[in-house]
Structures are given as C-alpha cells and as structure tokens.
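What follows is chain A paired twice: with chain B in the first complex and chain C in the second.
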Partner chain A sequence: MPSTTFRIFRFQPDSGKTEPYHQDFVLEHEPRITLLDAILRLQNEQDGTLALRYSCRSAICGSCACKANGKTVLACMEQVEDLKAANVGGVVRVDPIGNFAPIKDLVADMTPFWEKFKAVKPFLIPDGPAPEKERLVSKEAMQKIYNESKCILCAACYSECNSLAADPEFVGPAAFAWGYRFAADARDGQRKERAKLYSGEHGIWDCTRCMFCNERCPKGVDPRDAIEKLGSIAFQEKVTSDKGARHAKAFLISMRTGGKLNETLLVPYTDPIGAQFNLPFALQMLRKGKAPSPIPHRVKHLDEVKHLVKNVKETI
Partner chain B sequence: MRAAIAAHEAGVDVALVTKVHPVRSHSGAAQGGINAALGNESDDSTDNHTFDTVKGADYIGDQDAIAILCERAPHEIYQLEHWGAVFSRQEESGKIAQRPFGGAGFPRTCYAADLTGLVILHTLYTVCVKYNIPTYEEWFVTDLVSDDSGNCVGVVAYDMIRGTIETIGAKSVVLATGGAGRVYRPSTNAHASTGDAMSLALRAGVPLKDMEFMQFHPTTLKSNGVLVTEAARGEGGYLLNKDGERFMTKYAPNKLELASRDVVSRAEATEIMEGRGVDGCVMLDLRHLGRDRIIERLPQIRELAIAFAGTDPIEEPIPIRPGAHYHMGGVHVDNWGAAPHMPGLFAAGECACVSVHGANRLGGNSLLETVVFGARAGEAASSHANENFNGSRPNVPTDAADRFQERLKEMLERKDGPRQSEIRDELADAMQEKVGVYRTGPLLEEAKRSVDALKEKFKSVVVDDKGKTFNQDLIHTIETGYLLDLADCMVTGAIARTESRGAHSRTDFTERDDENWMKHTLAYLEDGEVRLDYSEVTMTKYEPQVRSY
Partner chain C sequence: MARQFAYYPGCVAEFSSKELNATTKALAPLLDIELLPMPAATCCGAGDIAEAKPNLYLTLNVRILSQAEEMGVDILTICNVCTLNLRRANKMVKEDPRLLEAVNEELVKAGARPYQGTREVTHLLWFLATEEGLSLLEARGPRGLNGLRVAPYYGCQLLRPSSVMGFEDPDRPQSLERLITALGGEVADYGSKTKCCGFPIILAREEVALRESHVALSEARDAGAQCMVTPCPLCHLAMDAYQRKTEKQMGEEYNLPVLHLPQLLGLALGIPTADMQFRRHMVPVDEVLQIVGA
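Right after this comes the complex of A and B.
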C-alpha cells in the first residue's frame, strides 16, 4: 500500500496557539483515493481536531475547495496519486483557500464572499408581471447563461484572484459570473442598472485579466469570460463613464485614429482630471526617454485597421 | 427554503437555521429532473401523473396526498421558472423541455441538463437573498423545544463557529433536513445526510412513518456510490450484463430500463448474484446516444464517470450497481406537513413522510415533493403562528438548552472509548449487508442485534476534539447518535413487515400482502426502544393492482 505525507495547514485558535503552522501526517492508503477521503481518514484515525468543510463528495456542493500544492481544487475531485506525481518529493501540501481569513485549519471565514455575492443582486428582476405559464425563452437564449448557471459557489476563483489580493474590496469572479447570469437572462429587466452596479470602484474593470479564475474553476464556468461579457453589456447599455470603460474606449480610439496603441494618450483619456496632476511626472519621464512620444503615429494602412474594427463591431 | 419563502410571502417573520450554508444542501446533487404534467411534450395529465405515482409507490402512498402533489406540480414549476430557474427549453416553442423517466407513462420530467437540483436549490436561495430572510448558517439543531402543553415553540441550536448554545423561540418550526442515506455505505447521499430532523422529532415523541422503505438507486458508481442520474436511461441508455445482454427484457418487458427503481435495482442485484455481473456491477451503456447528446444532456455524469470510474461514457460503458439513495420514510405528517403528535411542528422534503412515495419513489418526484410540500408546510406554519398566539410571543422554556449543555459537557469529558467514525462505519456496513435490496428474516434479526450493540457502544463514545471552534468531531458524534436511532426504526419496521412491497423486498415473504400490510408503519421511541404502531392508507379512486412494467 502506498504511503503519503500530507503537509497540512493548521490553525487551532482553541489550543492557545495564535499563529498558523503546518503539520505533517503520514497515511497508508489504497492507490486510488481522493484528497478528501485521505483527509477524512486523517480526521477519523489520527486527529479529530483537523477541520475542513465537505459534504457531497461529488463536486456539486462546493464545500471542500482548498489549495493542494498551491493550486485551488475541490478536495473531492483530486486523486492523491496525481498530486504526488505533480510535486517534487511527493509531499502533498494542503492549505485553505486564499484571500480569506482562517477560522480553523482548512475552514475559512467566507463572509466577504457571501456578502459580495449578495451585493450583485443575484436574483431575477423581471419587467412586468409573470404570465400564467412559463415565460417563453429560446433554447439559444437560455444557453447563453448556462455556463454561469453551473457555478457552485466554491470560491476557487476567489481564492486564486489576483485583483482581490491587491484590493480586498474587489467584488470577485464568482459574484460577477452570477451578475452576468442575470444581466444576460432574457427574462431580466435590469440590464442597464446591473451594468451600472457592476461598474465603478472594485467593479468589473478592476479585473487584472490574469485568467487564473478561468483556469482553476472546477466546473468550467469561466468567470473571466463572464466579466468580459459584462464589459460588452456595459458598452451596449452606454454605461461608459467609469475609468475602466474609458480606458477600454481609449484603446479603441487609439486604434482607429493611429492604427496602433498610443500608450501616453491612454492616461488622459482614462482619467482626464487625475492625468493633470501627473503632468509634471509625465514630462519628466518624456525628458528621460522613459515614455513614448505623445504625438500620434499613424500606421501605413490605417484603412485596413479601420476595416478590421468595423468588422469586429458588426460581429458583436 | 421553499417553506421560508412561503412564510415570508404570508407576512410572518421567518429565519432559516442550517448546519451547512444553504447552497451546500444535498438537493443540489439531484440531477435528472422534476416531474409535472405540463403537457409540453405530450398529452400528459395530472391524472396520469397521479396514477403513475400511486402505482410506483406500490399502492401504499396516500392517494389524496399524491393528488395534491401532482395537481400543484405545474404551478410550482412555473413559479420556479418565474423566479429565474434555468430550465432546458424546447427547440422551437421556447417552452420548458420534458424528458422520459422511470415508471412514468409520458415524458414528464422538466430538467436543467443534469443539474436540475443545483438550479432549483440556487433559485430558491436567490429568492431568500431577495427577501432578505435571515439565515443562521452553520448552526446545528440539537433539540426541539416544547412548552407545557406540548406545542413545539422553537429549537436548541449550537453555533458551530463560536461553540455557543442558543434557544431559538418560534411560533412554529418546519423541519427540512433531508434524508438519512448515511445509514448505509456506499450511498449516493452527502456526508451531511444524517437524517437529523427525523431523530429530533422521534426523541420529542413524534413517530416516524414507513422507515423500512429505503430506495436503492439502480445506477451508482462502484468506487464511491456517487449517483448516475436516471436521466441517463431516460435519454436512452441501456443496462447490460457481462454477456452484453439487455437483461431488463426479462424483468420488465414493456418499460425495460425505465421500469421503476425498485424493479431495476432488483433486476441488477439478481444478475450480479447469479453470476452475470462484471466485478459486482452491471454496465450502463450510453455510447449509442452519441457524443453531442451526452455532452448537451448529461455533462455532469460524464465528468463524474471520468473522475471516479476512469471511464468516459462516450467511449465505454460505465460499471454501476444499486446503492442506497432515497428514504421514503420520515416524520409522520399530514397533507399540510403538520405533525399531528406535536402542534407547531411541521416537516417537508425527504425528512418528512406525507406519504406520497409510499414504498418506492418515482424519479423526478423528490424535488417536486420538496417544493410542493415545502410551500404547503410554510403556508400552514404561518397560519399556525398567526392563529394560535393572539399576537403575543410563545413561552419558550430554556431547560432543553440546559439539558443539552449537560450532555455536551459529559460527552466532552468522557475518555477511553470508540470514536464516532468507527461506530458509523460499522453501522453502515451492517445495514448494507443485512438490510439491502433483498431482505430476509434471519439477516434482519442479525441487523437488529448489530444496531443494538452499536447503540450500547455509542454510550461510551469519545469526542477527540474538545474545542469550541468548528468542532466537527462533536457534530459528527451527535449525528451518529441520530443515525443509530433511525437505523433502529428501519430494521424494526423491516422485521415486522412480513411481505414484499416496493423497495422492501423479502426473500422469505416474496408477495405483496394487501390484506395484512396495506398500512403505514409508525415507529415511536420509548425508553430507548422502538415501538411500532400502524395507521391507515388513504385510498381514493385507484384500486390496488398487480404491479408490472
């Protein structure tokens, strides 16, 4: 029988230890065992104080998200043999999900996650009264929000989110996936209001586009794609006064007028007032040759770029 | 949550108390669908739905309750749709799509791919968020609180994060904690499915009904008992034995794989026992459905089969076997979810027994029961609260909390004894081996002795974790006590019922015996012993017939 060392994050506030630490557990087990089953065996056979949330053990309840060798996973979906193979030395390191404070061991305080979920108004707000039977929705229209409907609120995306690491107030990938799920629901009547709600400080434009949420979501929800689609909805609804939206717009203007990105002009377009305060700094940078020239440079075949932009616009 | 929403809409002050966050509940694992005679795909009718359910129940379901279930079904589906549930749609019309399911004469099962439970659970939670219904998350209920006249006036709850004990007063209490599938292993049920509400009611003097009827789902994965939805057969999947034979032709020549679950599970168990299985399993073959249909309609099943069985159903058949899945029995309640033995107490969903599922539940009727009888229990509990207290607060004694405090202290101080996990595993193994798909008197008697011995052993159970913060070992220990109560009721009921009906199939009494056993079992707990009584089955227009598929 194989034997595995599990290096597990411990935080035991009742024991008088105020700082977290890691503890090694060794377990002999059948070759095929999930990380969750291994931890449950440790809990049952070696240390009853070891804590983690879990329930369905079939990747649908979303309880058991944690980090295995640094990557957020659902413990119930990971095979220990795969985790060992991927890690030098064969030790399986287990930590709680990131961007949360610990309550005990692998149990994190998810309060901010639930509060932000509630803040996106995650419920249908239809226009007008309901019909007697079901609302008619085409298969295609329903399919548009199917991917986001699969979200199990496990917070794997939140755990991996780099924007959150920099700004704890950032609403986060899962909540925005839910935001899109309602904004794009053919039955919802609050598209514009939602676009406004999700823009602004800590909103959709604060996403750093690192794509970790897409990569680590265990259900293929692709929250980053949902955030991007919310950006499109914001433009369609003309909710574009936000710095982030203006930044995106500046890209487009720059492309249309010069055929390529004029990084110096991005700043005043994005934040005209703030840019004035930064003017001395910008001039200094220019003098030292650290910033490109603000004078627009045109590419040779600008008409081709314009044609491309038009084509893209028509396909959206 | 459906009950809480109904109560909120009735204008009463309501809160949810739950040992897991609401979206973690096991309803989210229901896959295949929810039944309602919408008639979107055929000329289905409420009467057809009622008849199929009565027959599926092997005639021991209460026919008036079943009629209520089926008549309110379309309304509840439309209500869920209006709240935003993402039901799969028909190609042309945009109406809700419906698929065939076991034991049903028409395509009646509404679905959201194979994530129907998740979508409905989430929809209800979003409505609770919209209504701002206060939720006590990760609070574990340890006792029901009753006043001097025996009315239920609240619960004792243990805050799992802080380790504190509170009495929560209420004019009425609705129990909705789901099933007790963890009495068995393997089981399709979540670790949290420990039947808490049933045991709370039982200990408060409320009887449990029809506890001997445990449904074994025909298609569960061998490695860990994870569910493979009935929709896999609804969409056209075949069951094959080791010779590649579609063996259901022998057992249910008309409905084949879509006979009711008890029939299919027995057929599989027979094939395996008679040596025509493959490593203790039979095979579920979906290959002929084709890649596109599997990916569109059964995406979760594919994901789970690949993860846990190492099998991609597009390429190979999945090895499956019957596994404990759904408990037809539960808290004895009337058609409004009210417990006649304790005014103010209501129950809905799998922890309750109305009874609409009788001796065998049809696929797609469990989610339906949760919303129909959840809503009704919420409505009735609101009326009870409005009508019985003349605008004043109930008198809520705190002695139950004090008694729990004592029990807790004693439990945590105890040294030298078995851990809960050991007792739980032994119980689940004994039940699996001796109270399974096929039952027989001597084995049931053995099971009773095992349960009694484990109850004795539990008296010296030791909790390894002595702390206050998120003490899971303590919670699991209390749950294990609940499971022992429930197993005792199941086994005692099964020993007494000397017939075969629905999911209760005895090799020593192979026939259904309507003359002696057309009645509900009621199990009481008195001085630690289970006492049985019986009550009448309500018949309306459907006479018992020979049941064949």
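Right after this comes the complex of A and C.
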C-alpha cells in the first residue's frame, strides 16, 4: 500500500497560534484515492481539528477548491498518485485557495467573492411585460452561453488571478463569466446596462489576460473568454469610454489605416489626459529610440484589410 | 539547407523594440535559419481586436496564416502575444471546418487568399528548446555565458492557455532553463516566472500593472539574478522600459537588466554587442556584458 506525505497549511488562530505554518502528515492509502478523500482520512484518523470545506465529492458543488503543489484544483478531482508523480520529492503540499484571507486551515474567507458575484446582477432581467406562456429560447441561442453556464462558483479562477492579486477590488473571472452568461442570454433586456456596469474601474478592462483562469477552471468555463466577449458586447453597445476600450479602439484604427499597430496613436488615444503627465517618461523613451515613427506603417494589400475591417460582421 | 520560416516579428519588435528584430535577424543565419518576410501580414490584434471584434480578429489572423501557406512554410514568432493570437485562430479554424469556410468566404470577398488549414505557428524559443534547436546551438560552439546568473521570465501567453499553446507544462516550464544551461549560464530560479508582467493593461491601469511586474522583478532580484531573459517584447517593455517607474511606485530598487531571448543567445554566440542594440534598453546591461566578456 502506498504511503504519502502531505504538507498541509495550518492556521488555527482560535488556539493561540497567530501565524500560519505547514504540518506534515503521513498516510498509507489505496493506490487510487482522491486528494479530498485523503484529507478527510487525515481529519478522521490523525487530527480532528484539520479544517476544510467540502460537500458533494464529485466536482459539482465547488466547495473543495484548494492548492495542490501550488496549483489550484478541486480536491475531489485530483488523484494523490498523480500529484505525487508531478512533484519532486513526492510530497503533496496543500494550501488554501489563493487571493483570499484564511480563516482556519484550508478554509478561506469567501465573502469578497460572493460580494463580487452579487455585484454583476447574476440573474435574468427581462425587458417589457411578461409573456403569457414561457419565454422560448432556441438551442442555438443557448449554445452561446453554454460554457459560462457550467460555472460552479468554486473560485479556482480567483485563486491565481494576477489582476486580483494586484488589485483586490477587481471584480474577477467567475463573476464576469456569470455577467456574460446573462448579458448574452436572449431573454435578458439589460445588455447595454450590463456593459456599462461591467466597464467601470476594477471591471472587464482591468483583466491583465494572464490566462490563469482559463488554465485552472475545472469545468472548462474559460472565464477570460467570457471577459473578452463582454468587451465585444461593450463595443456593440457603444460603451467604449473606458481607457481599456479606447486602447482596443486604437488597434482598430491602426488596422484600418495601416494594418500595423500605430504606437504614436496608441498612448494619447488610450489616455489623452494621463499622456500629458507622462511626458518625462515619454522623453526617456524617445532618447532610447523607443518613440515610434509618426508615419503610419502600411502593409501590402491594405485594401484587403480595409475591406475586412469594414465588412466582417460580429455575431455575439 | 537552411530551415525556412515565414517570419512574423510582430509590431513591437518592428517599432518600439527594434533591438529584438535586429538581434533575431543577426542570430538566424548563425543557426541556419532563413527568415522569409511577410510584407502583407497585419498586426495580430494583440488580444485587443479579439476583445472588440472577435470575428474580425479571427479573419485577420487567418489571413496571416494563409500568407504563410502560400509561401509553403510555417510561421516563426518572437512575441508571446502574437504566438497566442495566431495559434488560437489556427486552432479555431482547424477544429471547425464550417468556421473555416465562413472565414474563407470573408477573405475571398476581400480579395485575399483562402486558408486550407495546413500551417503551424511556433515561437523561436520553442524551436530552439527542441533537440533540433539545441544541436544547432551546439554546432556553433558557443563561447558561453561564463556562469551568468539568469532569471528566466516566461510571462503568460506563451504558456497559457495550454490547450492552445501546449509546448510544455505551463506550471513547470523548462525551455528557457534548458537554453540558459546549455549556453553556460546559471538559472536563478523563482516562483513568479510564469506570472503576468501587467503589460496588457499598462496604458489603461498603470498602477495595477506595475504592481504585477514588481512581483517578478523583486523575486528575480532576491534569487540573485544578474539579469532577466524573456521571450516576449511586451514583457520586455514592462520589465525594462517601465522598471524605473515600478521602482518609484513600489519604493524598491531592482536594477535588473532585462534581455530579449535572442540577445542572450547572441551574447553566447558572439554576435557583436553593437548589433544587438543594447543602447535601446532603459536599464543598462554593462555588467552583463562584462561578465560574459562581450
């Protein structure tokens, strides 16, 4: 029977230990055992004070997200043998989910997560009077929000979100996946209002595109893609005053006028006011030859590009 | 015979960070690589066009792929963001023939060549970190890096999403480490080498972005790195051009020279330093040049 060392994050402020630490547990177990079952056995057999959240044990409830060897997972979806094989030394290190304050051991304070979730209005807000019968939605229309509908709110995407680490107020991936799920729902009547709500400070344009959310999501929701699609909805609804949206607009103008990024346009167009205060930095860049040529670059067959920019229709 | 690629340097390497383009062009013949120009290739959209107009993003990138197809070669990139955008578009149309058909219809209407889905997109790092690439480096008999302690910095979009990128384990990448070691350098290892430099939001949310680059810069410094190396010119801008700003905002000193990947290779292979245009860097690289004896 295999034996595994688990190095588990402990934090027990109630028992007078104010600093977190790691504690090693050794467990003999059947070759096939999930990380969640292993931790539960440790709790039952070795230390009843070991705290964790869990419920369904089958990747539906989203309670048991934690870090295994530094990588955010659902504990119920990981095989201990796989985790051992992936880690040098064969020790399985277990930590609470990242970007949230620990309460006790593997239990983190999820209050900010639920506040952000509520802030995106994660429910249908239909327009006009209610129909006599139910609102019918085509399969094709539901397909557009299928990915996002799979979210189980486990917060694995928040755990390693680089924007959230740098800005705790960033609304974040799962909340925006739900935001898109309703903004793009054929029955919802708040598309423009949602675009405005999601476009503010700490909103969709704060996403740094680190792609950790897509990488970590255990359900294939791809929250970054949802944020991207919300950007597209903002463009269609002409909600484009945020600096992030203006940054994207500068790319569209560049494409139409030369086919390559017009860096001379990018900085002042994104942030017309801030660019003036950034003058000393701009001069430094200039001295290093990093200031772009003011003449737009033109690719060959620019007419093709112009035709595409003008005629390709968006379908979100 | 030289290995041929359709060379897609991307906008930043062509304009703001010309030193990257120049060094790549100086490096290629030493490694028996022929870089074929793509004069009709547009910007990849950098994720911004994908965000504003996803169908337009896809069509523009497939147009680029189609140009490489016409040239009969695969695409070689030197930028994380270009690599992700081109590979993502390629994957989308290769996996969905109906989508490819719709995109081709738009391309034909615009007078562009339709794409048949036969090309691959690879980054210079990926090409060099294979057996083939490493043997090309060895064949040059590199003079080496003289034990230079280098912090590898991958950034995000060459690793994630791994479903699109897929060259190596996104959580334990080894390609940069392999090259640093093969060239006689030492790896300064640290946890944040796969985290974000903040560049995509640096113009719209500078303060947040600089807090992101701070994480990797401070960790690399604490790991005793004498320089950082990155495969991406956007990471390079965040780490080098903005480094003094980050120091000011965070109240810390990093003083960490940041090299583009081809520059690190160029130092090991003896490309004249003037050709690699280090004068265009914000953080001076003099100490690095001294250590390697360039």
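What we mean here is this: the second predicted complex is superposed on the first by the 297 of 316 C-alpha atoms of A that agree within 3 Å, B and C clash if a C-alpha of one lies under 4 Å from a C-alpha of the other, contacts with A are read in each partner's own complex, and residues count from 1 in each chain.
Operating definition for what follows: a contact is a pair of C-beta atoms (placed from the backbone, for glycine too) under 8 Å apart; a residue touches a chain by one contact, two chains touch by 3 or more.
Note that the structure is predicted; figures quoted are calculated from it, not measured.
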item	value
Simultaneous placement of chain C and chain B on chain A, clash or fit	fit
Which superposed partner A:A101 touches (first chain B, second chain C, both, neither)	neither
Chain B versus chain C as contact partner of A:L283, first or second or both or neither	neither
Partner chain in contact with A:G48 - chain B first, chain C second, else both or neither	first
First (chain B), second (chain C), both or neither touched by A:V26	neither
Partner chain(s) touched by A:R187 [first = chain B, second = chain C, both, neither]	first
Smallest distance from any CA atom of chain C to any CA atom of chain B, in Å, after fitting	15
Residues of chain A that lie at the interface with chain B and also at the interface with chain C	none
Complex contact set, residues of chain A against chain B	12-15, 32, 34, 37, 43-45, 47-49, 51, 53-63, 77, 103-104, 107, 110, 114, 117-118, 121-124, 126, 130, 132-139, 142, 145-146, 149-150, 152-153, 182, 185, 187-188
Touching residues (chain side chain A, partner chain C) in the complex	70-71, 86, 162-163, 165-167, 170, 205-212, 214-215, 222, 224, 228-229, 231-232, 235, 242-252, 254-255, 259-261, 263, 266-267, 270-271, 274, 281, 284-285, 288-290, 292-293, 297, 299-301, 303-305, 307-309, 311-316
In the complex, chain C residues that touch chain A	11-12, 14-18, 39-43, 45-56, 59-60, 63, 106-107, 109-112, 156-157, 159-163, 170-172, 191, 195-196, 198, 200-201, 203-206, 208-209, 211-212, 215, 241, 244-245, 279-282
Sites on chain B touched by chain A in the complex	20-21, 23-26, 28-29, 38, 74, 77-78, 81-84, 86-91, 93-96, 112-113, 115, 118-119, 122, 126-127, 129-130, 161, 190-192, 223-224, 226-227, 300, 303-304, 307-308, 419, 421-422, 463-470, 472-473
